[in-house]
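Paired with subunit B in one complex and with subunit C in the other, subunit A is shared by the two complexes that follow.
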Partner chain A sequence: MAEWFQDNSGLLGLALLDGLASAGLIFLVAVGLNLVFGVLRIVNVAHGSLYAIGAYAAASVGIFFASLGLPAWASLPALFIAAALVGVVLGPLIERFILRRIYGQEEVLQLLVTFALFMILEDVQKLIWGVQPVQHDVAMRYLGTFDVPFAGDVVPFTAYQLFVLPGVALVVLVGLAWFLRRTLTGRVIVAVTTDREAATAMGIDARRVFLLTFTFGAILAALGGALSSPTGAIVPGIGPQTIVLSFAVVATAGLGQTEGAALTALMIGLGRSIAVYFEPELEVVVPYIIMLAVLLVRPQGLFGTTTTRRI
Partner chain B sequence: MRRFETLLGLAAAVLMVVAAILAPWLKFVLTIALAKGIAVIGIMLLLRAGQVSFGHAVFIGLSAYAVAFLAPAVPEALVLLIAGTAVATVSGLLIGLFVSRYREIFFGMLNLALSMVIYSVLEKFYSITKGTDGIRVELPRFAGMALERADFEWAIFALALVLAIGFALFARLYLASPMGQALSAIKTRETRLEFMGVPARQVLLSAYVLSALMGGVAGALIAMTTRHVTPLLAYWTASGELVFIAILGGAGSVLGPFLGAVTFELVRIYAGAAVADAWQMILGGVLLAVILFAPGGLWGMIQGALRRRAAP
Partner chain C sequence: MSEPLLSARGLRLAFGGVRAADGIDLDVLRGEFLAIIGPNGAGKTTFINMTTGYLRPQAGTITYEGQPITGLQPRAIVRRGVARSFQLPQLFTEHTVEENVALALAARDGVWSPLAPLLRPRWRDEARETLERFGLTALADARADALNEGARKLADIAMAVALKPRLLLMDEPTSGVAASEKMGIVETLVRVLREAKVTAVFVEHDMDVVERFADRVAVWSQGRIAALGPPAEVLADPVVQREVIGIERHA
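Then we have the complex of A and B:
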């Protein structure tokens, strides 16, 4: 064991760093999905499409900025601008004109409405950005690489993946905790999550909260996609891949758990990247195996609380 | 209404045969639609219990792969059908024992997760499954007869039609039986069912195994029709399509799944031919329109039209 560790320490270091970076991305998407489910009680299948559109939009905004002759550092804020644009445009549009019409309907229908949205948005992507891979990695190249000392080895790693991805995830985690616990709007969202009926009876405008939360969730999904765009080529199909992965994170963590989602994302991100380096066939399976193992022991998820059954 | 349902079902079956004779290319589409309709009956059983599975395509996939693997060794369509169905049913029992403990979102997500595990296994273990390339299915005999390709396709079409009628009748009896009634009670208020001494988990499990069996039948039929199986058969979007068809057709009648499946396949083909890159968008639009304006599905629309005629 010790010998194996010695031989593979460089690879292991790389796997851990990679895992940390991808955990940051997974967390951003999963926490948005979680928030939307908590408030609207709808599992948004189209959440992954918002991630994909965020990624494409980030590449487009980056290319646009470059065509304006802006310096390379501008490609970093371009990622955030693209995410905000996608979330602020698509979020309210979807909530106001589609989701609002099916609140209170059967769960199956709500789920299927978001599935329909997913189908539509998948083709919207193809119509706008085509099916060829899109690549724009100026932001990552601009920041260069950083030598990480690990177990006597030096692992060169891109500074973007090392600092920006986990950093943004951490800021979102802390910011969200602060927002939900310390601000009035945040507390209103928590109130609606916990007991919609009582919250409405207290005079809270649930509709406003729904609109706000969905837009916020859409921005987080698009941000995940936008931040992922410099790290590789954007291809059709990343939406459906991302959504099932964040389902796994949310179900493993337990519905409505923000900090839990962060820990689970870390666990799944690390598990997946270790698999990539040592047993690549298992890469896709690892998240679901973690999920199944957890749910077998704790049906409500790692951090979830049990709900009482109605009679 | 029940008599009307039977008559309409028979009329639809005759219409399908006529359509397949008049336009031979429709035969392929209709066979696939019938197969999917059988799988969707299984989805409908679970919907009656208020549970949505976003992973049922996995039973189609498992059965299809079983057919593809066995076809060189046992080149007999009927045996392959039974073998594929058996594989799917046993997997359904194993998975069902696990997922029948869960409800609603967790039920849906666990099905999704398990189907993704199996999908990834099919996709990643290239040495055995040929990965995304898929496997070609050898042309088997049919009931001992070595048929030409076109005749074999007719035989599978006829088999699919007979099985579809059989499963529709079976599902109607099942839903009317105490077992089927208990299934609906899981949706309305499960705790009360248990107060009456009915084990809810077993009720759901038996419906789950039945739905896996129907998925297996569909998978074997699809494998022998398309004669090429890929992991995409088991991808979660394929599972979503099954739920889509169930809602499109309407869960009110056993004819719904077939109405939905035929409409789905025809819209897919015509939309694909008209706008190659936007067929999914058109299907999504159809689904949105159905949910927002006709939540009872196509069957609900037919029923509504009949009531309006009967009312004055």
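Then we have the complex of A and C:
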């Protein structure tokens, strides 16, 4: 065993770093999905499309910035600008004109409507960005690589994936907890999540909370996509791949769990990445094996409870 | 006690074959404490739900201060001065008692107001003052899920009172409360509501509470008002005693 670690320390180090970066992205998307479900009680299948559009938009904004002759560092804020634009434009449109019509309706109808929206947005992406891979990795190249010491070895890894992806995920995790527990708007969101009936009895406008929450969730999904864009080619199909993975995280953690989603994203990210390096044929199934194993033992998820719902 | 604060006329609502409201006519007079009694399923909560916008009557009208409020959203009704409490206290369990009341105050003044950050110290002070009136100061920093049922009921009603309503509808404010605590809770409640000049309608199963604190009592039966008047008169009625109080005492 010790010998195996000695022989594979470089690969294992890479797998762990890769897993950490990928966990950061998965968490951003999953936590948005979780937040939207917690407040609106709608499982939004189209959440993955917002991720994909965020990725495409980030590449487009980055390319646009470059065409203006802006320096390479500008490609970093471009990622956040693109995510904010996608969330702020598409979030309210989707909530106001589609979701508002299906609140409180049967879950099957809600799933079908968000699935239809997802299919439409998949085609919209192809109409705007075509089917050829789109790539804009200036942000990642700009930050260069970093030598990470690991088990007596040195693993070179991109600084972008090492610091930016887990860093943003950590900021979102801590910031979201602070926002929900310490700010008035956060407390109102928690109140509507805990008991919508009681919140409206106090005169709180639940519809405004829904709009705000969905827009925030859309920004998080788009941010996940935008931050993933410098790490590889953006191709049709990244939306479905991400949403399925996010569902696995949310289901494994337990619906409505923010901190739990972070730990589960880490577990699934690392599991998948170790599979990529050591048993590549298992890459796709590892997250679902973890999900299945957890749900068979704890149907409410690792951190979920059967009586309370948290965000 | 003079002209009605709230008037319901011809309210009808059926769920399938069950008539939860079958022609309710009722005036709630300014400043009174009106108790609603009746067996389970008689339509008492349905009346509160229709009055506060949680259910829309299939027929009939409700006017509050002379203005129609039938079918308005709960949020619009509470903004006009009609608050409610639920049978199960609806506290936000992740917050402290003071934060719960402060949230109600924020909801009253407008959580989205640009002035909200400036109002926070005022809400905190007002929340403490409200809790003091209800005798809950010692529990201000306790998490809402750590309270016993009596304190939960009071805190829940404190949130409703913080909204500064002129009419408060309470659904079984003493249910689930230990018998030893019950009278003390109702005394506190009545004192605070009288001081704040709040008219109250409350669903109640305890006839001792009704007899002692209600100005009038309305007897609900199968979606209708079977009797209405002063407690001494209504509760002495042999039909009410046999068909309602008998059921209540055995429930």
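Going forward, the second predicted complex is superposed on the first by the 306 of 311 C-alpha atoms of A that agree within 3 Å, B and C clash if a C-alpha of one lies under 4 Å from a C-alpha of the other, contacts with A are read in each partner's own complex, and residues count from 1 in each chain.
We take it that contacts are C-beta pairs under 8 Å (C-beta built on N, C-alpha and C of every residue); 3 or more make two chains touch, one makes a residue touch a chain.
All figures in this text were calculated on a predicted structure; none of them were measured in a lab.
K.L.:
Quick one: on subunit A, after the overlay, do subunit B and subunit C clash, or do they fit? Just give me the call.
P.N.:
fit
K.L.:
Is it subunit B or subunit C that touches the larger share of residues in subunit A?
P.N.:
Residues of subunit A touched, subunit B against subunit C: more for B.
K.L.:
Name the contact category of A:Arg100: first (subunit B only), second (subunit C only), both, or neither.
P.N.:
A:Arg100 sits against neither subunit B nor subunit C.
K.L.:
Would you sort A:Met202 into first (subunit B), second (subunit C), both or neither based on which partner it touches?
P.N.:
Only subunit C is touched by A:Met202; subunit B is not.
K.L.:
Examine A:Arg187 and indicate which partner it touches, taking first as subunit B and second as subunit C; both and neither are also allowed.
P.N.:
So A:Arg187 only meets subunit C here.
K.L.:
Touching A:Val285, do we find subunit B (first), subunit C (second), both, or neither?
P.N.:
First partner only, subunit B.
K.L.:
Based on the superposed arrangement, let me know which partner A:Leu109 touches: subunit B (first), subunit C (second), both, or neither?
P.N.:
first
K.L.:
Which partner does A:Pro240 reach: the first (subunit B), the second (subunit C), both, or neither?
P.N.:
Only subunit B is touched by A:Pro240; subunit C is not.
K.L.:
Pick one for A:Arg298: touches subunit B only (first), subunit C only (second), both, or neither.
P.N.:
The answer is neither, since A:Arg298 touches no partner chain.
K.L.:
With the two complexes overlaid on chain A, what is the closest approach of subunit B to subunit C, counting only CA atoms, in Å?
P.N.:
Value for subunit B versus subunit C, nearest C-alpha atoms: 14 Å.
K.L.:
Quick check on my understanding: which residues of subunit A belong to both its subunit B contact set and its subunit C contact set?
P.N.:
Common interface on subunit A, subunit B vs subunit C: 310.
K.L.:
In their complex, what parts of subunit A are in touch with subunit C?
P.N.:
Contacts found on subunit A: 181, 184-185, 187-188, 190-191, 194-195, 197-206, 208, 308, 310.
K.L.:
Over in the complex, which subunit A residues touch subunit B? Could you list them?
P.N.:
Residue positions touching the partner: 37, 43, 45, 98, 101-102, 105-109, 111-113, 115-120, 122-124, 126-127, 131, 240, 244, 247-248, 251, 255, 281-285, 288-289, 291-292, 295-296, 299, 309-311.
K.L.:
Within the complex, which stretch of subunit B touches subunit A?
P.N.:
47, 50, 52, 54, 98, 101-102, 104-106, 108-110, 112-114, 116-117, 120-121, 123-125, 189-192, 235-237, 240, 243-244, 247, 277-281, 283-285, 287-288, 291-292, 295
K.L.:
Taking the complex as given, what residues does subunit C use to touch subunit A?
P.N.:
Contact set of subunit C toward subunit A: 52, 54, 73-75, 78-79, 83-84, 86, 90-95, 99, 103-104, 106-108, 111-112, 116-117, 120, 159-160, 163.
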